[in-house]
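Going by the order they are written in, the chains are A, B, C and D; count residues from 1 in each one.
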């Protein structure tokens, strides 16, 4: 077990060690320490302040589940906002939709975007140079408060709701209200929600906040290997409800919008929705 | 991050650290080191030779998925054999079926059974003293080779197919054939299969071995929090196929056989079957 | 590297993992978590709140160096006070001196003393039942402030000067002054001082505090294997200076006072005094 | 404790975690994985196959103790051979002696030398371009067997005697004999010997091998912070004995040969020689 390892948190006192093969780049931005590490079992990994954000071999699980449920739920997603998502992989997924006319990605840290452009090519896969894409370097909160524009889909690709303070504010009910205010009539919000097993209270709080603003929400989770846990996602909508979309309708929408995926499908997604939430009673 | 930790493997070079609160018992048997550890996030944990076997807070996910698919698939499971399973939790689950007349658990290590009886009460929940249960202390291979008896369901509750050598032999095709030989006509085998993501070749080999003997098999996986991965299970049958069982039929069988579960249900199980296998291309 | 480990700190971001064989006792006192762990390479280990205090195989290095320099420096040590030292090993060392008439050990945590009496027999080696020994369960600060009595030697066997807050107060100059006030005319104080390499500022502050009160002090360090570093010790005296004691005089005093040691001797100690302090420039 | 760490071994089942700040270079040579890591507490670190070789903040302790005892013991060291030592720091130290006319460094891995030249500037400090220095890329064994030349001092700057197989062969008695054969009449050999505490048998075997060939040898040890232990060194001579050199004579030789050191001195070295060996009884 000797050598260079990335140590990351799974739960509160549960950790994961990932063996590194080499470190590709290591840079300190104004906001955080940015490391791109090539690992034995996960290929290339993006690590921000010691927290694994996503990895080459399994980022598609995460980014497909973060974006497609919201994107298929919306009847005609043309304008998409991504908060965070510096790797460009959420952007890559939403740009797969030929309905999309404009996708704005707002990340606070330009350095992360630059590192991604150069070193995480399989993540963005050219998305940054898509003419429909715009990258804004700004705090997501400030952007949402100042922007006049409305969006059909908002994707929150941020650190965990129980993670670094800077992102926590974006999960609070007052900000969710503001987000709701920049949504079009059938607008949909999608967010990752960390692990409901290790952080049940924080997860519940986020879900309640979304329910308070949107009435009803859908939640599901899927194991993301490099996270060490089943990652929860929550989708809230001002229009349709996810539970009303049939397997066939999901597949039809993906097809008609020109979207090809590796993991996400009508069948897989309906299955994920049917699996009970992982819960741990606090002790 | 100071204090006492259990370090266990997730993948080949990926590890998990679980913070211990106290060590309840620590004993060396003829076969292995047996530790029962109370942890911060998983409650009580059974550790054999440094490998987490199961934990108080999530063993029910594992043991329900290991036993119920096979038990509901069989039209009338009366005689059940468990290989391994020293904690007594697989035994607890199969004894929930009022159809069961006899459940034989064969574990090589008497000390594990003794430690479980005394310290893992919520695991066996009295199963060891059920009059239908018999515990045999013997190598599973020897038992299967010598036993005259036939069984309706065989549950393999052993260490991973890519784990310690002692259990590996029980996953090989020649032993699977012997197992098939002690099954009744509609007999069903269920086994855990470790992680198909980190050990795709070893997983495939086990699955191919079962397919070679049984024709077709069903596989599914579910995240087990204390394992750090989505654990695969494979069910092989000489009779019905799992895919033919409807959600309603599964629930009906559970009900009619008097079985109450926490996680397993027709709906959950059909969903698990629908989720694609996690795969990592070796590099 | 699988199994149960004790993780402890060496420096600020440098850690040590010690493989456990079994945990002998694990108890939460009013003040702290107390674990006695049998390890692969250090035998039995006492761990308080995740910090290794001392181990069976190398505690004699630590306790001999903590006590004998002060005990040989004093012309006739009759009354000795130990602050902390719950294991009873510092007590064991000072009671080796036939000059000693009374040795008071003041530890805040009765549970540590009880655990030591039962499980750390080679540490105290019967010292607790020596008629000259008295154990007081009390905060060292309160004891020093209230006690009328004076002592020839005070041994500070506490957690590190940069460690848990509870002990830090006893290293501050104002408390050192109070300690000086309960010393007899030729009184000597000895304290462990953690690692001057990883915590140069904290070490310097403690040394300066002792110098401010006592004029001149002697410092030295020696590698303690289970600490992962060369542990510093500081001796301050109201009488003689350590540097004036010759190798032969140290050995003569040990002999005439009936003291047998395993590591400490005139030769070893003069050598330790001659080795420059380990220093790391902060960066 | 999150982030990137270097995990290295201290003993057999005792490990050290060093927090990395960034990885400067990460390269696989024909022989090994070479990582240069900037760490929080040790500055820049050279890691070969996951083993810390030396670090910016404490390499001088190691390299001074590895070279100067042998260099001062020899009456007039003119020709020096270094086996291993790719960082160039042992070379730097021996070139401090104005008596030295030729210093040959033989390292098997050219890539280590190249990485050192570029990234470990404070280690070699220009030694590689000293006209007296020659670097030979070759297996030390082959070099010693084929070289016609004789040397006054041989410095063995290799991985531990109980470490990777490639270096182990150079510690065996038959190779020591060959080394003795390329020494001039008053020739001296110096080697690091790892930790006598955690590996007493391996240490003893090496020491016995040297004694068998050279009659008598001198051994001492000093804590090297980044190793987590007191590192042993052994010096064997065909001429004078180290114990016969007085403190003053050592200082005089250093001075007259133009050598300035940071840690090594007559006083420090005589002290190190006086400290008993750290020993752990195996259990």
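Here is the rule we go by: contacts are C-beta pairs under 8 Å (C-beta built on N, C-alpha and C of every residue); 3 or more make two chains touch, one makes a residue touch a chain.
Please read these numbers as outputs of a predicted model, since none were measured by experiment.
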Along the shortest chain of touching chains, how many steps lie between chain B and chain D?
2
For the identical-sequence pair chain A and chain D, what's the CA-based rotation angle in degrees, nearest 5?
180
If you match contact pairs by residue number, which of B-C, A-B or A-D shares over half of them with C-D?
A-B
Expressed in whole Å, how far the mean CA point of chain A lies from that of chain C is 53
Centroid distance [mean C-alpha coordinates] between chain B and chain A, Å:
34
Indicate the residues of chain A shared as contacts by at least two other chains.
1, 15
What are the touching chain pairs in this one?
A-B, A-D, B-C, C-D
In the complex, chain B touches chain C at residues 1-9, 15, 20-23, 26-27, 33, 35, 37-38, 47, 49-51
Would you tell me which residues of chain D are touching chain C in their complex?
1, 10-19, 40-43, 57-58, 197-198, 222-223, 225, 228-230, 263, 267-268, 270-276, 278, 280-281, 283
